[in-house]
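Beneath this line is the structure, given in structure tokens, with notes to follow.
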Amino acid sequence: MADAEKIIEIEVLRYRPEQDKEPVLQTYKVPFTDDMSVLQGLQYIKDYLDGTVSFRWSCRMAICGSCGMMIEGKPKLSCKTFLREYYPQGLRVEALAHLPIERDLVVDAADFVAKLERIKPYIIPKEARTLEQGEYLQTPQQRDMYEQFSSCINCMLCYAACPQYGLNPKFTGPGVLALLHRYNADSRDGGQDERMKLGYADEGFWGCTAVGYCSEVCPKGVDPANAINQNKMNSAINYFTRFVTPGRADK
Amino acid sequence: MKRSNEPIFWSLFGAGGMLAALIGPALVFITGIAVPLGLIYAPDTMSYNNMLAFAQNWAGKLVMFGVVALFLWHAAHRIAILLHDFGVHAVAAVKLFSYGGAFLGTVIAGYALLAVGF
Amino acid sequence: MSNRRPYVRSMDGWWKRDAYFIRYMAREVTAVFVAAYAIVLLFGLVRLAQGEAAFNGWLQYLKTPWMLVFHLIVLGTFVYHTWSWFNIMPKTMPIMFVGGKRVQPGTITGSGIAAAVVACLAVLLIVKGMHP
Amino acid sequence: MEVFQADVAIVGAGGAGLRAAIAVAETDPKLKIALISKVYPMRSHTVAAEGGAAGVTRTDDSLDYHFDDTVHGGDWLCEQDVVEYFVAHAHEELVQMEHWGCPWSRNDDGHVNVRAFGGMKIERTWFAADKSGFHMLHTLFQTSIKYPSIKRFDEYFCTDLMVEDGRCQGVLAIQIATGEFTLIEAKAVIIATGGAGRVFRENTNGGIVTGDGMALAYRHGVPLRDMEFMQYHPTCMPGTGLLFTEACRGEGGFLLNKDGYRYLQDYGLGPAEPTPRNKAMELGPRDRLSQAFWHEKKKGRTIEGPHGAVVNLDLRHLGAAKLHERLPLICELAEEFLGVDPAHTPIPVLPAVHYTMGGITADGKTAAPLPGLYSVGECSSVGIHGANRLGSNSLTELIVFGKVAGVEAAKFAKSMAISNPGAIKKQAEAAQARALGVVTRSDGKERLAVLRTEMAQSMEDGCGIYRLQADMQATCDKLRELRERYKNLKIDDHSKVYNTEWLLGIELGYLLEVAEAIIYSALNRKESRGSHQRLDGYEKRDDVNFLKHSLAYYTGDGAPRIEYGEVKITKSKPGTRAYGAAGEKAAAEEREREGAGNG
């Protein structure tokens, strides 16, 4: 590249379970240009300095949700965070907080995926419809009621942001609860009662203490804090009215 | 999964929090600063007779009871979380301390308001 | 036989890790002051029930410098409580539309704080009105 | 080694693999499905598709129009009977996606909205803002959770197919988290591993798009078909290759050269009009637009940027409100990566490799010439894209043929039993040793990244938008050399837990072989058609000699053997491929001819 090469120091939290007792920091010097992302910095390390550094990535465009990590202590997507922001002081990258480190910058995502599966993240139709009958009608405004919550890329940054998840990993957590709400808020869906059983539990909405940091770090504007906290009111109303409302499945 | 009983405590927390957010600053200013210092308000604003009259009135009773009890429940909920946030995981003890305290305060407030008569 | 050994990091001192968490903890700590204030009021109630002398003792106590300083601090935390309460309010409300337009979070917080200012003024004036 | 017994194994959990898995589950809930993916399903590259999925929807549209657009767009190298099936089933599959919850964008009346796309005569592209692929993938993934018979193997990397008794009977995979191997026995195997864009340097593809499944089938004797047809997308981000969707132009964006001139009118795509007209100007097909860029660059009318020549994608006239409603992701990408607000500044763009038209040879029912093996999605050549894919046909392909693959594989699996498990086990052990060989070679010297970079550069040099005999030959030689050097690969990482360098090493092996299939197919096709354009005396389409599919056969260490297969022509005889005013004129003449013929 034409301009004189700048060098930035990237400190990586390494953890190789086969040799490290606990995570250790390792520093690399990386030449960079202003349009390089943190991910590209790591790729440089892997390609030319040390092939043993492991991290996940794929799309490079902030949509596949693979590349989340702590960058200078904040949960971010490394593909849309740029090295120039940390020059000249350098930066430290670590695996996403609150999640078990599998290896280096790779966290164990099994818990997140298991939770996602549990909330029935699919349409449970309010009224059945055949393909011949065509699509369900849904106005743009009805779509707006859930669209934001459907933009979750499952990057788990919100899990790394939420201290309640860190303190109690049984808590379903922001991203998954946002998806729960996404389906509940869909005009085509009639599965609220089934899903809410999870929401009403201690591990559901009530595990959240409205810290709000999840929404702050979300790269897609999902606002999981809103998805959860607006449901606390619903849950409370349901709690008190369940004995008087006839036909409720979840008494 | 088991349904949580949080709604009871959360509703009280919410009501207390809302009340405190709306009128809390004004109340603290009046009872804790303005009246003791004799600012703005008449010196007898919180005199025994005035307060007794207020407490004997059913609406007054309700206001006093509401403020004290809801503030306590609001605080109790947050204190329970605070203890959990600081890593105190003895859930039963935490609940006994916080909600137990709020309950006790509520009973005392009710008793006192009944005791002042109508 | 697997070589996996997922490493779980400690949460000790988590709330010091980020300015956002410190602000959150400050918000939660206001509860201690709300409780303290409620207890002061509760004492007043009990004293009121115990008779004039007891109640006047309580009133005198409020005038001590300690209590005045205490109430100043409490006032500060209450104002912070009001601000932070309405600040998270947009998170606690369902998505709303007015005239086809999404209500913005700032609008919700702003209206909340405005409502609090009005309510506080009203209380101040009502009390003034009751005992001119 | 762990062994799992499945009825149907599906390698790849992108849009195609997920749709196939659901189809198997719905065909017969008793069938055990193994869904294997080297990344969590929602990370698959389908997630990156922006623009949308085509299916005839409006009353002024017709299946014939969609058929014609597709076949003309593919420069008549399409399997026309397959295209007929495709256009006929597109709409119902899109409705099925809607029923499963896909948040398609809507009209005020609540019906699904459609948008214009390059090379399409009528608006027929279903979209979910500019995150169509994202929403389709997540909808399919989340819907798949409903079916208990789908057993997912997330983050399992497939290293080989088990072929015994002349049919495919399973796959071998590495569990990435442990580095241990799992043998998945299956009565039918569906490959749905996506494209191979990563053989090129500048591309819109994710890091995982490395042609794995193509290489696996190829190694087992299945020919790769039409591999020379690699699509360049005309509007990508300089430096990274990230895509600015065609929907930018569908919504009315302009392409401007350094003089602010809409240069496409000079390349038979005009006239230039202020609002988008289907199949003209910016809404011409991708190959034509990329070629026009190449010529503009030659004429010195492009803009010099830090990452080479660019032109401007101008969206300013659409206004901030429309941009944020219709193209939010584009705004985000432009702002964050380039510091450009599309409402106020044009976006610099250039063509980059985008899509692999060719792939594993498959018949109209997705079956490979190897019994028990099916392929679907970008890795497959089921025959609808021909020499150039039309934007928004591919997402639809995933769901239309994903379903077909699932149904067909289920049918096959039910009629079969696993034969000779002992031999399969032996094969798996040999395959395991080969895979381990990549990492345990301790004396290697060649650095992975260096080989990969040289390969990608050489592919770009020899197999770009325009191609020359000598350049292609040079690339062939280069790949030969790289395959030799690959045997001397050096891997730093010898651990088992999440050893990504090992996987990259295996992927490089896949890439090199797929690259060879591409370049040799290109070298041998002595004509210009669709995305394969030559400047060395073969500038014209040659229907006499090359209205044929190229078939690249694996020959071990040697160069691939190229053969040719027939193209199925049913109702559209090869004609001129024209766009803009010229295209309309040609269409009118054709109608007249047909009218005369009928009359």
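Here the chain labels run A, B, C and D in written order, and each chain numbers its own residues starting at 1.
The criterion applied here is as follows: a residue touches a chain if its C-beta (ideal position, glycine included) is under 8 Å from a C-beta of that chain, and two chains touch if they have at least 3 such contacts.
These figures come from a predicted structure and were not determined experimentally.
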For the chain pairs A-C and C-D, which is connected through the larger number of C-beta pairs in contact?
A-C
At what distance in angstrom does the C-alpha mean of subunit D lie from that of subunit B?
65
With chain centres taken as the means of their Cα atoms, state the distance from subunit C to subunit D in Å.
57
Computed distance of Cα centres, subunit C from subunit A, in Å
31
Distance between the CA centroids of subunit B and subunit C (whole Å) is 12
Give the residues of subunit C that touch two or more other chains, as numbers and ranges in rising order.
3-5, 11, 15, 28
Numbers and ranges of subunit B residues touching at least 2 other chains
81, 85, 87
Enumerate the residues of subunit A that touch no fewer than two other chains.
17-18, 102, 108, 163, 167, 209, 232
Among all the chains shown, which pairs meet the touch rule set out at the top?
A-B, A-C, A-D, B-C, C-D
Using the touch definition from the top, list the residues of subunit D that touch subunit C in their complex.
177-180, 495-497
Flag every residue of subunit A that touches subunit B in the complex, lowest number first.
163, 167, 197-198, 200-204, 206, 209, 232, 235-236, 239-240, 250
Subunit C - residues contacting subunit D, complex
2-5
In their complex, what parts of subunit A are in touch with subunit D?
1-2, 16-19, 35, 46-48, 50-52, 54-66, 80, 102-104, 106, 108-109, 113, 116-117, 120-123, 125, 129, 131, 134-140, 142-143, 146-147, 150-154, 179, 183, 186, 188-189
Subunit A-touching residues of subunit C, taken from the complex the two chains share:
3-9, 11, 14-15, 17-18, 20-21, 24, 28, 88, 90-95, 97, 100, 102
